[in-house]
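Reading through the structure tokens given below for one structure.
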């Protein structure tokens, strides 16, 4: 019974969202407002039971982990936002979060986004037994990366044989890549729709098996 | 106090974590463990600010009887009802977070379907975006269009009916020129991130403190 | 004088190459010491069986029992926090009938043994102890090990107890991360060099970016039409660089909006981003001299859930019909949902993100798109602060280094082809950052 | 003049017609099956052949690492492999990496065991064949013989029995799942003392024969997120457990390198990968018909063709209407 009512509710709200495709309407508006409220309410409950309770309240209650009171108090400083005169205190936890996450990110970004990328960009153009499309691909890959990098030069005018020509090739490569990504993503997005259609036709209406 | 202390926290915290990466010693590991333990606790309190903002905006709407103010109740009621039902309400009366309960029902049969459907709207939008954007207005736009069409056809069985080289061409574009573009963007983005990291740690970029000037 | 900036990256490369080659050597030593487990699989078994003079010293039990394993070697693991040990043991001379080996460990002087590892017959006899969170290895503790041969029925035949030759201890520098350190140092050096130059008042050129120049025009259009401006600062948190860049731009946009007296709407998904955005906008109104025009409801928080957020923003777009939409920051799959709805509502749209997979959707649906790094550059463009421009210049210098490397790879590739040299491989080995975690 | 207006109207066609078109092509193929042929690829064949080589003395894991959002893509993969394993009498352990993923696990097994499904397996819940277990019968053929000797008969249309505890175990979700994987390399029972129905796993014959991940022959992770990598880092790298990926189409290219390095046995990418598996199941007579993913591929084909048609129409209208000479449309890139 619980599941049956659930499936009907699910179907109703599924159609409510699809009605937006035709026009913004009161049913969509209801679904939209409900989901904002429910999702945040759910977030509160889950944050309490998955983060605050096991990580802060239980360890402190069981004694011994008094040091966890510090992040707890830090977190409380956010609430000073509601009091304009001391609201600047809320900058402290933000600063703590900012500083540490920037520091953590710095060497990791250097490794993942720069060194790793550079490393995998440097590939042999030809090895024995490579087919011609792979060789052509490797050449295009190197030249393309080079050109697209030139496009991202900010401090040089995009003129002249190097910067001008390079950046023009660069934007071509970028557009080719964007077109491919777009085309590639279509399949995944249609799959999402198939999922909802299956829900409506099969779980709800039992029209298909 | 208002600006110097936060900037100092950022400086010390940033340098500490940066150096920590290079030190495998247990002291440095325990600093990192403190960070991973504390960060979720500190940031989970920020949710209260969100609740405050959402409540204020919708309370204003209801009080002012602004357009569509009735719907604001649809936000506020579940917002406060969900945590009460999930955490406080007795299990015998449909409370708790596990099925069957009102909390679980609202999540499983309202939030999840709406989110999944919202996500699936992309199927419609990707079609209409393709229709409007993929026009051979210029050489560049033609490149964009052709790449998209070739890859799209290569993905489905019907592309194979056109010729076995078709999916291969699509894959080739994905694997080489596409990767070149992605890599260049990622390298640029990487440097941008690194520079921003430094600017924040050393107090050049202070925007996150709020306000552009003092 | 104008060309002297190119000298810096060139110097950087020279420095990088020399230091990398030095790091290469130290890595090479490193790698030899820790042989990847996959490669050991076959060898030690054969080797140990073949040359097993030690075996004679092991008293073979007269009964039908199995031969227990031989000597145990316990070493401290390099580059760890002192919570791992490298344990290896010798196989018995006669491995027939052995199904597996069980490795037991205890703190020296204690009574109970913990079963920390089971090694199937034929698997490598070297393993890292301490990976299992149930039986952690404590730094500075002396352990004892003993290993049993196990037959298929589960009977154990123990070898001798071995007190660990080394105690686990952590190191103060991770030798596998030298390359990252050098790269970080070069980057910091370049950025600070250009900070300095910029502060000394050296003029620097910035090429125009269409998307940034269009911002004012787009706000102007909203003012003419008397409709609001919608600004979405991305869906990520405050620690995301894209969000920070977006908040800087928000400050500028809000100032313009305040001057033009156009309504502004800033929906947020992250509560901390919301507070910072609110403060930024408030400050911008103050600077524009119109603190009274600031509406506290203009910057607001919606919800943390991704698609619930999109549902909310889409609803707002279709009801309020903003004339100008900004989507700047980090976006995921929702990028197209937002941008397509916005274009349906007839707004002029400016987007910018560093999410490579989402850029195609912004490009196709928005009027202007800031691609990747252009988003970060925008704050320097808008603010014209010398340090920000200096940082941009430093980033460009780093890109010049990368370009040099890739050009070198290209040139070496051609040389490889002509003369059958292995220059590219040498270069890529040179750069390969060791995968030591 | 009127000709231009037709082209112009075509260019500015109401988006809702496009939406309607997509809506229609996504529903119709479910009723009129076109059955466009799906060509199988090496990546999927290697998973199929591997599972096919297993027998009743082996065991596999199927990990549900996806949420309802990617259900259409990930669910058919899990269902196909489970049916394949049931056909070969290979015991299947099922896990979930998050609470919401566990609901996916339940609907997958419900689908396989549901008598409404074409080619279902008749479920025998754990409690119902307790007597047989108490007699100490462990061999699967003997279990079936003893069960049928008690007067139970395989219903029409069922492909075989599915004994809970011998043919499948619903382990479900346990918190901090990456550590759970690590723990299971030592013992499955300590991580999951009970299954989701509260049955003690220690009494299950399949856990007696396969005590830890070391005694398991493969894991299939059906994943809509990065969770699939956990299985590689914590199971494949630690104890060499063969891992097969079932990932969404969007993720497929990102994880392709894992196949090249041999860390992953094979990969099903999106609906297409699942459809390939279904085709192989049908061709080898393991299932009577293809399933949802194969039908889904018809929708994919139709939708792709429709979108390309829209693009072509748009371009015809653009050039025939002479818009390429004017700069009427909005600028930008």
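Miscellaneous remarks
Letters are used for the chains, namely A, B, C and D, taken in the order the chains are written, and counting of residues starts over at 1 for each.
Methods note: a residue touches a chain if its C-beta (ideal position, glycine included) is under 8 Å from a C-beta of that chain, and two chains touch if they have at least 3 such contacts.
All values reported here derive from a predicted model rather than from experimental measurement.
Listed by label, the chains touching chain A and chain C alike are B, D. The greatest centre-to-centre gap from chain C, using C-alpha centroids, is found for D.
Across the assembly, the chain pair joined by the most C-beta contact pairs is A-B. Central chain by Cα centroid: A, whose mean Cα position is closest to the mean of all protein Cα atoms. Centre-to-centre spacing of chain C and chain D amounts to 30 Å, using the average Cα coordinate of each chain. Chain centres here are Cα means. That of chain B falls 26 Å from that of chain D.
Chain C has its Cα centroid 17 Å from the Cα centroid of chain B.
Annotation: 24 Å between the Cα-based centres of chain A and chain D. Among the residues of chain B, those touching two or more other chains are numbered 18, 21-22, 43, 46-50, 54, 68, 108, 111-112, 114-116, 118-119, 121-124, 126, 128, 130, 132, 134, 140, 144-145, 149, 152, 155-156, 174-175, 182, 185-189, 191, 193-194, 196-198, 200, 208-210.
Looking at chain A, residues 17, 20-21, 29, 31-33, 35-40, 42-43, 78, 81, 94, 97-98, 101-102, 105-107, 110, 114, 118, 121, 138, 142-143, 145, 149, 152, 174-175, 178-179, 181-182, 184-187, 190, 192-193, 195 sit in touch with two or more other chains.
The multi-chain contact residues of chain D, meaning those touching 2 or more other chains, are 15, 19, 22, 26, 68-69, 71, 249-250, 253, 272, 300, 303-304, 307, 333. If the chains shown are joined wherever they touch, the resulting network links each chain directly to all the rest.
Contact residues of chain C toward chain A in the complex are 5, 177, 179-181, 183-184, 187, 204-207, 209, 238-239, 241, 272, 275-276, 302-305, 307-309, 311-312, 314-315, 318-319, 356-357, 359-361, 363-364, 371-374, 377, 392-393, 395-396, 399, 402-403, 405-407, 409-410, 413-414, 416-417, 424-425, 427-428, 431-433.
Contact residues on chain D toward chain B in their complex (touch as defined above): 13, 15, 18-19, 21-23, 26, 36-39, 68-69, 71, 100, 103, 249, 253, 272, 297, 300-301, 303-308, 310-311, 313-315, 318-319, 324, 329, 333. The touching residues of chain B, counted against chain C in their complex, run 18, 21-29, 43, 46-50, 53-54, 56-57, 60, 67-68, 111, 114-116, 118-119, 121-122, 125-126, 128-130, 132-134, 144, 182, 185-189, 191-200, 204-205, 207-213.
Across the complex, chain C is touched by residues 15, 179, 182-183, 186, 214, 238, 250, 330-333 of chain D. Residues of chain B touching chain D in their complex: 108, 112, 115-116, 119, 123-124, 126-128, 130-132, 134-137, 140, 145, 149, 152-153, 155-158, 160-161, 174-175.
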